[in-house]
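Supplied in structure tokens, the structure appears directly below.
Chain lettering (A, B, C and D) follows the sequence in which the chains are written, and residue indices restart at 1 in each chain.
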Amino acid sequence: MTLRFGVVGTGAIGKEHINRITNKLSGGKVIAVTDVNQESAKQAVEAYQLDAVIYPDDKALIADPNVDVVLVSSWGPAHEETVVAAVEAGKYVFCEKPLATTAAGCLRIVEAEMKQGKKLVQVGFMRRYDSGYIQLKQAIEGNEIGEPLMIRAAHRNPQVGESYTTDMAVTDTLIHEIDVLHWLIDDDYKSVQVHFPRKTKYSHANLQDPQLFTITTNRGIVISVEVFVNCQYGYDIQCEVIGDEGIVKLPEFQSVVLRKNQKLSSTILNDWKYRFMDAYNVEIQDFIDSITKDGKPNGPTSWDGYIAAVTSDACVKAQQTGEEELIHLQERPAFYSEKGLQII
Amino acid sequence: MTLRFGVVGTGAIGKEHINRITNKLSGGKVIAVTDVNQESAKQAVEAYQLDAVIYPDDKALIADPNVDVVLVSSWGPAHEETVVAAVEAGKYVFCEKPLATTAAGCLRIVEAEMKQGKKLVQVGFMRRYDSGYIQLKQAIEGNEIGEPLMIRAAHRNPQVGESYTTDMAVTDTLIHEIDVLHWLIDDDYKSVQVHFPRKTKYSHANLQDPQLFTITTNRGIVISVEVFVNCQYGYDIQCEVIGDEGIVKLPEFQSVVLRKNQKLSSTILNDWKYRFMDAYNVEIQDFIDSITKDGKPNGPTSWDGYIAAVTSDACVKAQQTGEEELIHLQERPAFYSEKGLQII
Amino acid sequence: MTLRFGVVGTGAIGKEHINRITNKLSGGKVIAVTDVNQESAKQAVEAYQLDAVIYPDDKALIADPNVDVVLVSSWGPAHEETVVAAVEAGKYVFCEKPLATTAAGCLRIVEAEMKQGKKLVQVGFMRRYDSGYIQLKQAIEGNEIGEPLMIRAAHRNPQVGESYTTDMAVTDTLIHEIDVLHWLIDDDYKSVQVHFPRKTKYSHANLQDPQLFTITTNRGIVISVEVFVNCQYGYDIQCEVIGDEGIVKLPEFQSVVLRKNQKLSSTILNDWKYRFMDAYNVEIQDFIDSITKDGKPNGPTSWDGYIAAVTSDACVKAQQTGEEELIHLQERPAFYSEKGLQII
Amino acid sequence: MTLRFGVVGTGAIGKEHINRITNKLSGGKVIAVTDVNQESAKQAVEAYQLDAVIYPDDKALIADPNVDVVLVSSWGPAHEETVVAAVEAGKYVFCEKPLATTAAGCLRIVEAEMKQGKKLVQVGFMRRYDSGYIQLKQAIEGNEIGEPLMIRAAHRNPQVGESYTTDMAVTDTLIHEIDVLHWLIDDDYKSVQVHFPRKTKYSHANLQDPQLFTITTNRGIVISVEVFVNCQYGYDIQCEVIGDEGIVKLPEFQSVVLRKNQKLSSTILNDWKYRFMDAYNVEIQDFIDSITKDGKPNGPTSWDGYIAAVTSDACVKAQQTGEEELIHLQERPAFYSEKGLQII
């Protein structure tokens, strides 16, 4: 059985997913595409030699009875409408982050999905599929470090452009930690506070960089995350979970070790794409396999998208107030209580 | 376009390749199988829900005009005959090691392939597709370490059964270094000598373990490889290339880092399958892609299979004589002079 | 020339210093001792076969004209009185932390020393003499990482007794970071805030453990220090300085690397004494050498002792209020503006 | 009690020992010096402000009844005569390597010492006092890795001058491994063979560089040592002991860890002096303490000096013949059977 994808949004990320499904993974096929820029949609079909229909808009694509899955990789503000429509049509959805740009929008998707009576939607938070994070989760759930008490993490990029503003440190960057960390410790967030260290000389007028977020959870875990998007030296993701019996930490990215010029060195990546390349492939293959075998996706849910939206809002508010801000989540519906992503 | 595979030999490795082509990779499909044990062939078809013909023998499978590629994962002594027949039928071949059990057998395959006038055969040496070895090769070819002068390597398994004898340290184990190291330094072997250290208490009556091989190349590079197949602690592959400007070394296998019980530790694998899991996938995907795009495979050739056979023979002789043994290769035909595996 | 020490306080630390001066270092000699427990003083003289006078109290010891240096390793609350008396007598002083138990007490020592017109006092903060911290300082001052923006540190002990209370996480533990970090970045502290993560099950009724301190400096550097004194796994000191060009981090404590039982591991210390053993020796040898050569000690000054006291008070207050607390230092006298500890 | 040293040979190493004894360590004092260059002896006395007699030659120095220990740091060929004379006068001796330039010369010292009826001589092999090697020995003797089967080591220098010839790779460089490795595994050497890899372009006309030594022991341990004295990148000492239960390896030299310019790096030393600086200090302090407490030195003995000479001769012969050369040692006298250097 082959899962038939309709892709909404054929920009850079959309094209990568098309390439992945077409040339790297097994069990999926792109049979329909659309983009607000129809020329872009045509180019994608040609570039990957797809046997795919080009639709004028998402509505038409969703209406195609051959489309099993709607992959949403359009502009963020357009996500909500496409996802709601696809869900109401009973289609599976793989939606790149954000699920919706507001918490209310996420809740509308949650409601639409619950009305369908089964899980249809997966949000594109790929870190849960990274082998390092999976090993962290195995260590925690295997009780290697006892009860988690703290997390210390860092998200560093070499540099960002002038259009990247202070709030984007949350919505574009910290958002990945927001998703992966609550999954890692199976807990909900309670509050957040931000400290702004002195600004690096490599930052811009509208960007406070670096930033230090202190997030607490319902169980009392304190999470300290550094976001530093002009760190110059490379793309570097750090995560260390401190438990009452031990500490477990993400490995450094794998590189050969060089002895030269009085230095023992390994390479740090410069580009986030390579860091999570495998995770992206595993993510989509798991999405295909889960639907094919179990009739539902197994990854981050609409509810996880809602958590990300609410937490993200509180983090941005905390940037503005300098105070500790509470993170208010609605009660989790039983519908979303089932555990996702069984670790292999 | 989909490459249609006929699989000869549905044992453990054959099944893994079937699963890989069917459920993990893109662009290939298993449409025919055979095995000396027909029951095994049937089970494979059922287990992976293949839409495949079960043939009584390799001859019949090769004769199927729908078969584009013959994947040979039968018992080693049967390889030569199947490969020659497939080549003579103009089929592509992916043959697990050994290509043939004798150097003469390898040469017969070489001749058959040259007679066809194009490269058809790839031998299943997967290490060339491991990201660590690829990084080593990039470092060498990018002149990071200057001219290679020495290699120090180790191939360690936790333990082997009683049927594993001294010569198998060459034919089953060292064989992987034999292939990957001459590729790494783009040189040919000249001689080999073996030292037997005192035997580990975990070895068996018919197995000298560990062993230390000293191999020289035409350019004068000295390669020291330890083979230790009852090392107890894990599966561990080490390789360090010493150049006149610097030294480059394989990374340790990636694992989270744990602080616990006064130890800072990471995990060492216990099973070779996990160590090269990615390499196996990359290997077969590259085989499919190269044939699809370029009309020929891009990996280890029949000539590489011949080099492995000749070197392996000399290593076994050196185990027996305790002396330095020469490694006599015929002159490389121009047909095989083209460089394989362009590093991405 | 031999520097003649009078030791006030012959408990565990006093005895270690006596042993160090007598049997490990060069240029110093213990010629007088005293302790509130005279029996302890006698035992020290016998144990180390000292040719030393036993005095009934610090006053008498200070009055001995043969005593060049008063080494103060008595009970903390007694330090101030001994140090002031020694300074007023024109003697050099090496005083274990704390210099005095209050900021006001430290200022009285500062005044007494300034009245003498030359530096006489060194406080026993040994980390500045640790080769790791010295390398960090060299990296910062050599502009390896550009301008420091953040520090992330951890101070972990395997366990503490029931008498160790929440405030002692500051006064006994964080106090070392308080001293070494302002020296490292050559900056003064401005504020501190404390987060209490959920408590480890290994803690006691009167101890919140772990704790996370967020300290800011005048230049805007944000320092995040974890104190975790029942971490179980070992004694572990971490310090990472994040600059606008790069990041530099303390090395792990040096240990052989073991491959065994599927683990690649090195040893973590269990006892703080071994971690800074070399630093203690270097500290006292530098104290002896500086006085012998330059006529004044070169390490942490009375003013550094005052900084530690004020910062420590603010940290304890922050533990109690949960709020950000300001750290108010008096203006630094020109007398203390000279740079100490030239790095070798 | 203070041990009184007479120093024979006030070149670079002699001066370092004088400085060490005078300014860094405890319990020793230099009271006499001599050098074939009397001016050099005078300069040493002045530079370190010694209260020491300058003697015209070693005979006169040895005859001084105030001299307890003769420290021999003269030109290698002069060692034997000085050591024999000192031993015959009943003096303790600390002799830099080599003990004598020939095995026969070493045996003459052995005989002279045995005639005195007690151990008087220590040879200056400092690696046994390095904390890394001590940890290796503790791991082996604590049965952490089971029975040793192999050692893989490397001794690398950044570069050497034109006067350094092929044989000096043994007599100046490998000599340190020769001493420390038999101590590490408590075994005697049996044979040696040398392989010459292609020569680095940084070597000279009279120097084959690098070289690979394969040494076997009586118990069958195979030792592979790379000597590479123009490796360019730094001074680097590697040692890994492979046992039947696990493997233990020297730590890298301790350095802070830097993230910068897409590299994660630590520093490799460029100068051997820093690598074993601590070991030199521990070595001489242990020599002083052992004589003071036990009446005899505790480090490498005259017999160890003899082992080094015999092994060194065989290694040089193996360089010349290209064959496996036997290492013939006389039977060890009971006098030298007592274990030295108890690990702390």
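Everything below uses one rule, namely that a residue touches a chain if its C-beta (ideal position, glycine included) is under 8 Å from a C-beta of that chain, and two chains touch if they have at least 3 such contacts.
Chains and their UniProt names: A, B, C, D = Inositol 2-dehydrogenase/D-chiro-inositol 3-dehydrogenase.
As the structure is a computational prediction, the values presented were derived from the model and not from experiment.
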{"item": "Contact-pair overlap exceeding half with B-D, pair selected from A-B, A-C or A-D", "value": "A-C"}
{"item": "Longest centre-to-centre distance from chain B, chain (CA-based)", "value": "C"}
{"item": "Cα-centroid distance, chain B relative to chain C, in whole angstrom", "value": "58"}
{"item": "Interchain centroid distance [CA atoms averaged], chain A/chain C, Å", "value": "45"}
{"item": "Gap in Å, rounded to a whole number, between the CA centres of chain D and chain C", "value": "37"}
{"item": "Junction residues of chain A, two or more chains touched", "value": "232-233, 245-247, 259-261, 266"}
{"item": "Chain D - residues contacting chain A, complex", "value": "232-234, 236, 252, 259-270"}
{"item": "Footprint of chain C on chain D - complex, ascending", "value": "22-27, 131-132, 135-136, 139, 144-145, 245-251, 254-261, 266, 278, 285, 289"}
{"item": "Chain D to chain B touching residues, read off their complex", "value": "146-147, 149-150, 152, 195-202, 210, 212, 214, 216, 219-222, 224, 226, 228, 230-233, 242, 244-247"}
